[in-house]
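Shared between the two complexes below is chain A, which has chain B as its partner in the first and chain C in the second.
== the complex of A and B ==
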């Protein structure tokens, strides 16, 4: 469990970038942090894995304050996927890269080798490929694989789909969904509201270092005040449904509340059939 | 506090000086520090450099710089201390001794490096990179290609420092113990990080080179810059003072 209790944080004693932030993330949650650049999302991620310590308040990981834990210790509990995979990759082959986490924590046995082999097969990697010669999407996948191979209970993703094409994005997020379904807590920073709408169960919207909304994904993404405050555009279907709500007086409820293509199509078919 | 070698806007005397004059003065100041080995003279030079830094509002930046240069010069001082037996013997070593002369030489190295480095670094804190480049091209007649290469090199130092710290953070998040207090262990752990740093550096410089090329880098001549950098009375005085300092350094060193 991750708890933020009135957390304020700053870099190098300069102005605070996070002000009085409080929230709790339970085990197994899939939470997306949304907001403009500079809203404090990445800072929040750095606070979660202890790279940054709060200047006031407390960040608790399983009831333990991060001020008492080293980031390298926290690495056993949480995997962190950075925006730029090149900062994470440091080995000469894909296999070595996947084994790196185990070697750092001093536990490379047959079980770990098997885990790496299974993941190589799942991701479709060539184990002898040189990581730096892979394309951007595959490097991002490799960075993700090198984290999930350690099977951490929490995975933090800082803009995991940046620079990926649709196919690569689907692949990365599909794997993340599988992890979450298996019980892993997923905390994600994302600017792509389609991805947020499709995958996250809960959204925390931030602006100017403060939380402006925290709730189920579409509850937050349908709140026009929150959208305005956090300068975010909802997924297209939600946007259509919100626009219809605004312009049609007697809109059937399923259309008014549709958030996904499936929901919208079903609602429209029902309307066409005269169900409303 | 400004980042390492990052320009800080201001209106101090140092800010107002001509960029080329600042560069030449800093070089003359460094020459004077290396010409003379008199510790008192070097201490005066260090005091002058610190006064200049404080009067220009770079106290915190200079303190950080002094710390870094001090740490580096301590290594040199230690080597001198252990390998230059000179003066009255203070501590006997299996291969020689540490004497009063060795101690003086070690102190001289530390003070010299700090005094010589401060004005050079102040130039970058008080001048925009583009002004240094354009002024060097216009007034010192340095070919643009070389002036740009020089300023780009300096410009990339903080960029690479940021990269290195981001890479270290990423590796710490994977469980590498960079947050250990054991310096030896930390240095040993840093060696494999040269790979990602090298890769990101080569990628960045390659991108920068291509970007410059497609924007007509090779078409640029001395006349391409629109801004003029006139040399005024203040610049003349600064140059005069620095020339006098160099002469004084030669005189002191000849007298010794």
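== the complex of A and C ==
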């Protein structure tokens, strides 16, 4: 469990970038942090994995303050996927990259080798490929695989789909969803509201270093005051549904509440058939 | 005008060509959005416009590429740079100065712009990108969105006829991405500049581009107005290009006989069309 209790944080003593932030993320949650550049999302991630300590308040990981935990202890609990995989990849082959975490911990036995082989098969990697010669999407998948091979209970993803094409995005997020369904807690920073709407169960919206909304994904993304305060646009179908709500009297409920293409198509086809 | 005539290119270290037999005409003052799956050849297409191919990345170049009448093989990179301004995906790799104003001055001085003309050019570029207040700021202190605007300002100060941008909003939040596209579209229309943008965010391209180019496995599959391209959402999905959800919605309704208008480009058009359907 991750708990923020009235956390304030700064990189410079004079300039707080997070102000009085409180929330709890339970085991197995899939939470997306949304907001503009500079809202404090990445700072929040650094506080979770202990790279930054709060200047006031407490960040608790499984009830222990991060100020009392070593970075190495936190690293075993948290896998962190950087926005740019090139800041993460450091080995000469795909296999070495996947074994790197175990090597650092001095734990390369048969079980670890088997786990790496299983992931190589799952992701469809060539174990002898040189990581820097792979395309961006495959490097992102490799960085993700190098984290999940360690089976951390929490995975933190900083903009996991940036620069990926549609297929790569679906592949990365499909694997993340599988992880979450297996019990891994997923904490994601994401600007792509379609991805947020498709995958996250809960959204925490931030602006100017503060949390402005925390709730089920579409409860937050349908709240016009929150959208305005956090300067975010909802997923397109949600936006259409909200606009129709504003402009059409007596809008049928399924249209007024639609958030996906399928939901909206079904609702509109029913209207055409005179189902309301 | 930008003209590709039967253009193919294979990088020297490559086994297969990256682009095959491309023929494409981009009229002056067109806002072109290029998209496609990773590795499809879309960045290579832009390298052929700004002369990086063949002048920086050698390889087997077949056919012809003309920019404003200039043959990009026969011309020097300097000549092409006078016409084509480029902004890289990795903004930090493009910055050469530590202060915003110096970054804009760098290009102007290197292009030999008359000293008397430089202050007006700097003011104009800062104003066009809405960053006059950043003039004396250290580049290190800027956000990703601000750096993006500085990079654009430093290029448009050179008055290029063509602007080439590779994923200019990759690291920006939606509001900043929208702001960059607004600025680009406004600048292009006011100055008659051709803008060529490679971008994965197809919702932005659909909304702002005059022409959408879909590259797949080295071939141009579509090059047409957004409405005409977006009408093929199923084919695009098969190529790894997911249309904006507003487009997909209306295309699905069209298949079911609930909508008969053209493909929509954005949420506003979809909402307007649906209000007619519901009326």
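Operating definition for what follows: the second predicted complex is superposed on the first by the 274 of 276 C-alpha atoms of A that agree within 3 Å, B and C clash if a C-alpha of one lies under 4 Å from a C-alpha of the other, contacts with A are read in each partner's own complex, and residues count from 1 in each chain.
To be clear about the criterion, a contact is a pair of C-beta atoms (placed from the backbone, for glycine too) under 8 Å apart; a residue touches a chain by one contact, two chains touch by 3 or more.
Note that the structure is a prediction, hence the values are computed from the model and not measured.
Contact comparison for chain A: of chain B and chain C, C touches the greater number of residues. In the overlay built on the shared chain, the residue A:132 is in contact with chain B alone; chain C does not reach it. Contacts of A:231 after superposition on the shared chain: chain C is touched, whereas chain B is not.
Of the two partner chains, chain B is the only one touched by A:86; chain C is not. Residue contacts after overlaying the shared chain place A:66 against neither chain B nor chain C. Of the two partner chains, neither chain B nor chain C is touched by A:44.
Once the two complexes are overlaid on the shared chain, A:36 sits against chain C while remaining clear of chain B. Judged by the touch definition given at the top, the superposed model places A:164 against chain C, while chain B stays out of reach.
Here chain A touches chain B in the complex through residues 12, 46, 49, 51, 70-72, 75-76, 79-80, 82, 84, 86-92, 100-101, 104-105, 132, 146-147, 150, going by the rule given at the top.
Those residues of chain B lying in contact with chain A across their complex are 1, 163, 166-167, 169-180, 192-193, 195-196, 199-200, 203.
Within the complex, the chain C residues that touch chain A are 36-39, 89, 143-145, 167, 170-176, 200, 203, 237, 240-242, 244-246, 248-249, 252-253, 256-258, 267, 270-271, 274-275, 277-278.
By the touch criterion given at the top, residues 35-38, 83, 135-137, 159, 162-168, 191, 193-194, 231-233, 235-237, 239-240, 243-244, 247-248, 251, 255, 261, 264-265, 268-269, 271-272 of chain A touch chain C in their complex.
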